[in-house]
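The same chain A turns up in both complexes below, where it pairs with chain B and then with chain C.
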Partner chain A sequence: MRPFDYLEPETLDEALALLADDPDDTLVMAGGTAIVILMKQDLIRPARVIGLRRIAPLRAIGATDEGLRLGALATHGALARSPEVRGHAAALASTFAAVATVRIREQATLGGNLAHADPAQDPPVTLLALDGVAVARSKTRARRIPLDALFVDLFETSLEPDELLVAVELPRLPVGARATYKKFLPATLDDYATVSVAAVVATDATGACTHARIALGGAGPVPLRARAAERSLLRRRLDDAAIREAAALAAAATDPIDDLRGSAEYKRAMAGVWTARALREVA
Partner chain B sequence: MTKELLQLRVNGESHTVAAEPHHTLLEVLREELQLTGTKHGCELGECGACTVLVDGVPVLSCLTLPAQLDDRAEVTTVEGLARAGEGAPGSDATMLHPLQTAFAEEGAAQCGYCTPGMLMAAKALLDTNPRPSRDEIAHAISGNLCRCTGYTAIYEAIEKAAQAR
Partner chain C sequence: MNELSILGRRLPKVNSWAHLTGQAKYADDIMLPRMLYGRLLHSTQAHARIKKLDVSRALAYPGVVAIVTGADMPEKMGIMPSTQDETALAVDKVRYVGEPIAAVAALDEDTAFEALSLITVDYEPLEAILSIEEALAREDVKIHDDSTRGNVFKEVHLSFGDLEAGFAKADHTRDDWFFFEGNTHAPIESHSCVANGEANGNVTLWTCTQVPHYLHRELEKVLGVPRARIRVIATPNGGAFGGKSDPFAHEFAACLLALRTKRPVKFTLDREEVFYAHRGRHPVKMRLRTGVTKDGEITAVHFQSWLDGGAYASYGIATTYYTGALLTVTYRVPAYKFDGVRVYTNKPPCGPKRGHGTTQPRFAFEAQLDKIATDLGLDPLAYRLRILQPPNSRTVNDLRITTMGLGECLERAGRATDFSARHRQLPPGKGIGIAGSAYISGAGLPIYWNEMPHSGATVKIDRGGGVTVYCGTAEIGQGSDNMLASITAETLGVLPEDVHVVSGDTSLAPVDLGSYSSRVTFMAGNATKDAAMKLREQLGTVAAEQLGVPVEQIRSAYRRFYDHEHPDAFMSFTDVAVAAEARFGTLSAAGWYKPPTGIGGTFKGAGVGPSPAYSYQACVAEVTVDRETGVLTVDRIVTAHDCGRALNPANVEGQIEGSAYMGYGEIIGEEQVFRGGLHKKPSLLDYKIPTSLDTPKLEAIIVETIDAEGPYGAKESGEGPLNPVIPAIANAVYDAIGVRFDETPITPDKILDALAKKKDRVGPTGLDGGRDPKAALRRLTASTDARERKRDA
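After this line comes the complex of A and B, so read on.
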């Protein structure tokens, strides 16, 4: 690991000011679970590291007028246990509980997870299916970034070097909406997903689908929304034929890579299988 | 390389350590304080061999920088489990922690490499939940890998230590 200056601001404004001084040679550190490994492997060489851990307001998790707000410094463990998160969607709490092991969950944060932008991570998938919006701040700007515009490429986001993620906001779900998250783990329980699927649907009194979101992890360079699959479900009953058609469209939307967790072909097939399972659960 | 002076409280003692700011807590414990009970495993956050307690909470020391700890944070390593001089009355023998006794009696350590991390994760569990179920034990040590025992002896040892307390 290279040496660096370590700074620990007490407030968000101080952190943003520090970041604005030298954005290109500075990295922020939340839980450190990704960044410490990357520094040890000499893959990143920041001159300055800004630790965020003292900025307590960024840990807050709470209901808002529009829905739910998750602070960027909240750990996966805190989010998995939060009654507010569970109340919004039990599938969201179980998504956070599916991250890595208990050790990582208690140290790693939501903001670090999103900014790290590994497409095999869990929370981005469910948050995409719940129409999540990232809230970013710099010294001079504040902006809201829908999550599908946050993830640009493998390990790359649309955050500017002087921007911090401060929260993720989730709008209230349609009445009666049902959500699930499926993490396909053929090897060990603490692994990253081979593929993962989040599905959120709502139906009207006749059983016709009024709202459909399908998001996939491990299925391309970024977490994906399977939009054609979502559209194919609208105004239909969620019967076997509709589910099979949507699952095939979701598989076709993937662009996976060959790696230790499976070949691209296998992952594409599994994306279809797990989309169908997810949809059957919420249908 | 410029070293910085760090204040660390480890196993009840205050230390002033000259360490490079980019060294992990694991490196500082082992190399600066010679507390080699805490093990280097994967250094990727996967195995739990490096688990220590910070204010009673299990933490992966391989992914933690000392600078991330509060000045008054209390670090406990496996060396802090046994109590020197509290063995048999009148002797200066060491009294093992009930978890250490139970691990020895139940054969919960084979090669022993995972054992310090397991003990620390188990201590954190029993300190907050003195009578854990088998599921709660499995959850608490799910960040700790053991390549030797198959875990059953470890579960049994933690249960035995819980009963002994």
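After this line comes the complex of A and C, so read on.
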């Protein structure tokens, strides 16, 4: 690893001020699980690193009037154990519990995970399906970015260099909504997903679908929503035919690449299989 | 002869506590005053000439103390004296991405790392040879300029019995191609060493090596320093599996840098470097032709193997022979022909991995036997039981078999899983498969020709009843220190914790050839027993006199010498030792072991294969295949293993389970593969080895045959149990989905593709790729035939 300056501000304002000084040559570090590896492999060479770990308020997890707010420095482990998270959607808690290993989960943070924008990651997928919105701050402004506008490309977000992701907000789910997250791990259980699927549905008294969200991970350069598949389910009973049609549409929405976790063709096929499995679970 | 007091019992290993509590001192734990940190510069080219190598800027970098390059150590070296084609650091040419070129010693590791980027290397790129077929076809591109035939490293041809008559007698002949993908050892501990340059010009090297003696020899040759002035100390290895049994660049570099700076120098490889150091499982293409009668009796076997050796020899000459040597020790084979070719390619060198060279052909043979059983409508378990090679026999290729427990292994693994009732009867997607195998208990010959013992040990007894055993073995986690302590304790009548073990130190301990080929318990065990027996006789004589009973009645156990008829009449071990020292002088004895002669043939190539005893194994695997995702789940692996006598059953079971785990990893996905000359996954993030959560239910069954040649009847346990796991899983997959996988690994996309396309087989149909491999093969065959005719004439 190459030498760099390391700064550890005590407050968010201090951090934003430091960042505003020299946004382009600064790397922001939360848990550091991803970027330390990249630095050790000499793939990124920051001149300056701002460590956020002293900014305790950013670890908060709590209910709001509109739903749930997750602090950017909450660790995966804390989120997996949080009663508020589990109360909002058990699938979200189990999504955080499905990431890597216990050592990583206690170190890696929500904000770090989202800002890293690795399309193979788990939390973005479920958060997308839960209509998550990122809250970003800079020294001079604040803005809310829906998650599907946050992810731009492989390892690239719409955050400005002087912006920090400070929280994710989740709106309250429709009454009776059911959610699940499926992580397909054909190799080992500590691996990145070959593909992953989050599905959230709600149905009315007749069994007709009133709300459908399907998000996919590992299936393209960014975590993506299968909107055509979602639309195909609305106002229909979630029977086998509807599920199969939605699964095919979800598979068609993917844009995977060949890599060590499977060929593009295999991943596309698996996106269909696991969308169907996810929908069957919540139907 | 005593009844056994220590051996055969489930005692904890003497060094377990240190390993569990973190007290074990690995090479990277060694910190010496004034120590420098070393880093290696690696080739970025798969195949290139080095036009210029300039280290001057790096040498001027503050904190850098010394740099060495290939030019400082141009002497050829390699583990096998007959095929030395390596230099400590690349000289003039690089042959794979990751090959070490230069070594920097600096005040700290970051400085050494930074200095690497200041070294300039001008390459003249050459075409890279990356497959077996290319290596055969491209005689115009030579990886080693002095190769006599293109990129062929070694070609062997052996023939036994009347092959033509055998095939003529056959009612049914199968002719199948197989491919076994290469993979690596992935030990937890990466390679590490510390060399200390002493004021008098001596050098001491602490290193996690499996072969301190062979390394000692190579250090002398390359450094030009007499062996008397070099001391090698094998530190406890945090796993090795064959990957630490070659001499390595960092070991030479550490010694030379230490000698030059008169300071200690440490190298610890990072994980990426471990993937380049490699010496792992060879990718092997195989063609296997077997003739059988209508009852399945084998009439002839013709086996051909093509090994992708990577850039250097390593153990390759032995690996090549091993692909053919042990196919005959399991089932009756009256006529056998073996043709093996190992080629050079521009990839990290392949070498020995657990099962060394026998794992790939065993996969092919047991998969083919399963097909033969299917073809003939036979139960694959009952079929194998009917064609067993008998105990106390000689094989067609002149290997001496002593005890042979394969039949009992097959029966017990079959019984434990109710194999015959469930095979072909499970619901779709579920399958059960069986396979047998064998392995050596140490090689019959050392890797360099000599008539000395393969293993020596010294035992001494101090005046307080303590015992010390000195032996050159390397503790690689397999429990060799515990075996030395246990056998010494058993023989003398003390407890293992009374025995202090000094192992792997070339200055203190007699030579043992090293921890490879599953030889340590067998050979060092015999050597230790031999040494301890000499002291036991002295102690017994004194005890008999003092207790006033005939010496035949004297027994020793649990720190006592006693009268077998009246156990109340006893002396403490310490009192006996004191009396014996007064009577005979200092209590110290040396013992040794050398395998008997006449256990193999006398033909050229007969050196690989003979062993004083063979271990046998059988495995039953149960699998589930998800037809939607192609995911293969192995639900259960039951392995029965004939280990002679289980000197420590817990230790034997650990080896059986560890082997099953490793074999499982190899067939479900581990692969050392390349894109161009670049390793595709040189990290444990991408090279996935199964975690404890992934590992199937493993069951170990110990089968005992009490071998007369082994120490207290023992044979090997460290490697053989890996071999049957891979074909058993492949055979179970066939039972589950009706697809033969004649290649490894069996990955979900391959399964899904086979199911979608309704294939009944996945695997090679011959040599492929390259320019014209068939022509190359014809050329090779023609030249072979010509040589054979010449030899016969």
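Going forward, the second predicted complex is superposed on the first by the 283 of 283 C-alpha atoms of A that agree within 3 Å, B and C clash if a C-alpha of one lies under 4 Å from a C-alpha of the other, contacts with A are read in each partner's own complex, and residues count from 1 in each chain.
Assume contacts are C-beta pairs under 8 Å (C-beta built on N, C-alpha and C of every residue); 3 or more make two chains touch, one makes a residue touch a chain.
All of these numbers come straight from a predicted model, not from anything done at the bench.
After overlaying the two complexes on the shared chain, residue contacts for A:A90 are found with neither chain B nor chain C.
Looking at the shared chain after the overlay, A:I257 reaches neither chain B nor chain C. Judged by the touch definition given at the top, the superposed model places A:D190 against both chain B and chain C. Of the two partner chains, chain B is the only one that A:R53 touches; chain C does not reach it.
By the touch criterion stated above, A:D5 is placed in contact with chain B alone, chain C being left untouched.
Touch criterion met: A:G32 reaches chain B, while chain C stays clear of it. In the superposed model, A:M270 lies in contact with chain C only, and not with chain B. Of the two partner chains placed by superposition, A:A228 touches none, neither chain B nor chain C.
Contact with chain B, but none with chain C, is seen for A:R103 once the two complexes are overlaid on the shared chain. A simple residue count on chain A separates chain B from chain C, and the partner touching more is B. The intersection of chain A residues touching chain B with those touching chain C, taken from the two complexes, comprises 1-3, 37, 189-190. Within the complex formed with chain C, the chain A residues making contact are 1-3, 37, 184, 186-191, 260, 262-263, 265-266, 269-270, 273.
Chain C makes touch with chain A in their complex at residues 110, 113-114, 628-631, 668-669, 680-681, 685-686, 688-691, 693-694, 747-749, 752. On chain B, the positions that touch chain A within their shared complex are 1-2, 20-24, 43-46, 48, 51, 57-60, 62-65, 67-68, 139-140, 142-144.
Put simply, chain A touches chain B in their complex at residues 1-6, 8, 29, 31-33, 36-37, 39-40, 51, 53, 100-104, 106-107, 189-190.
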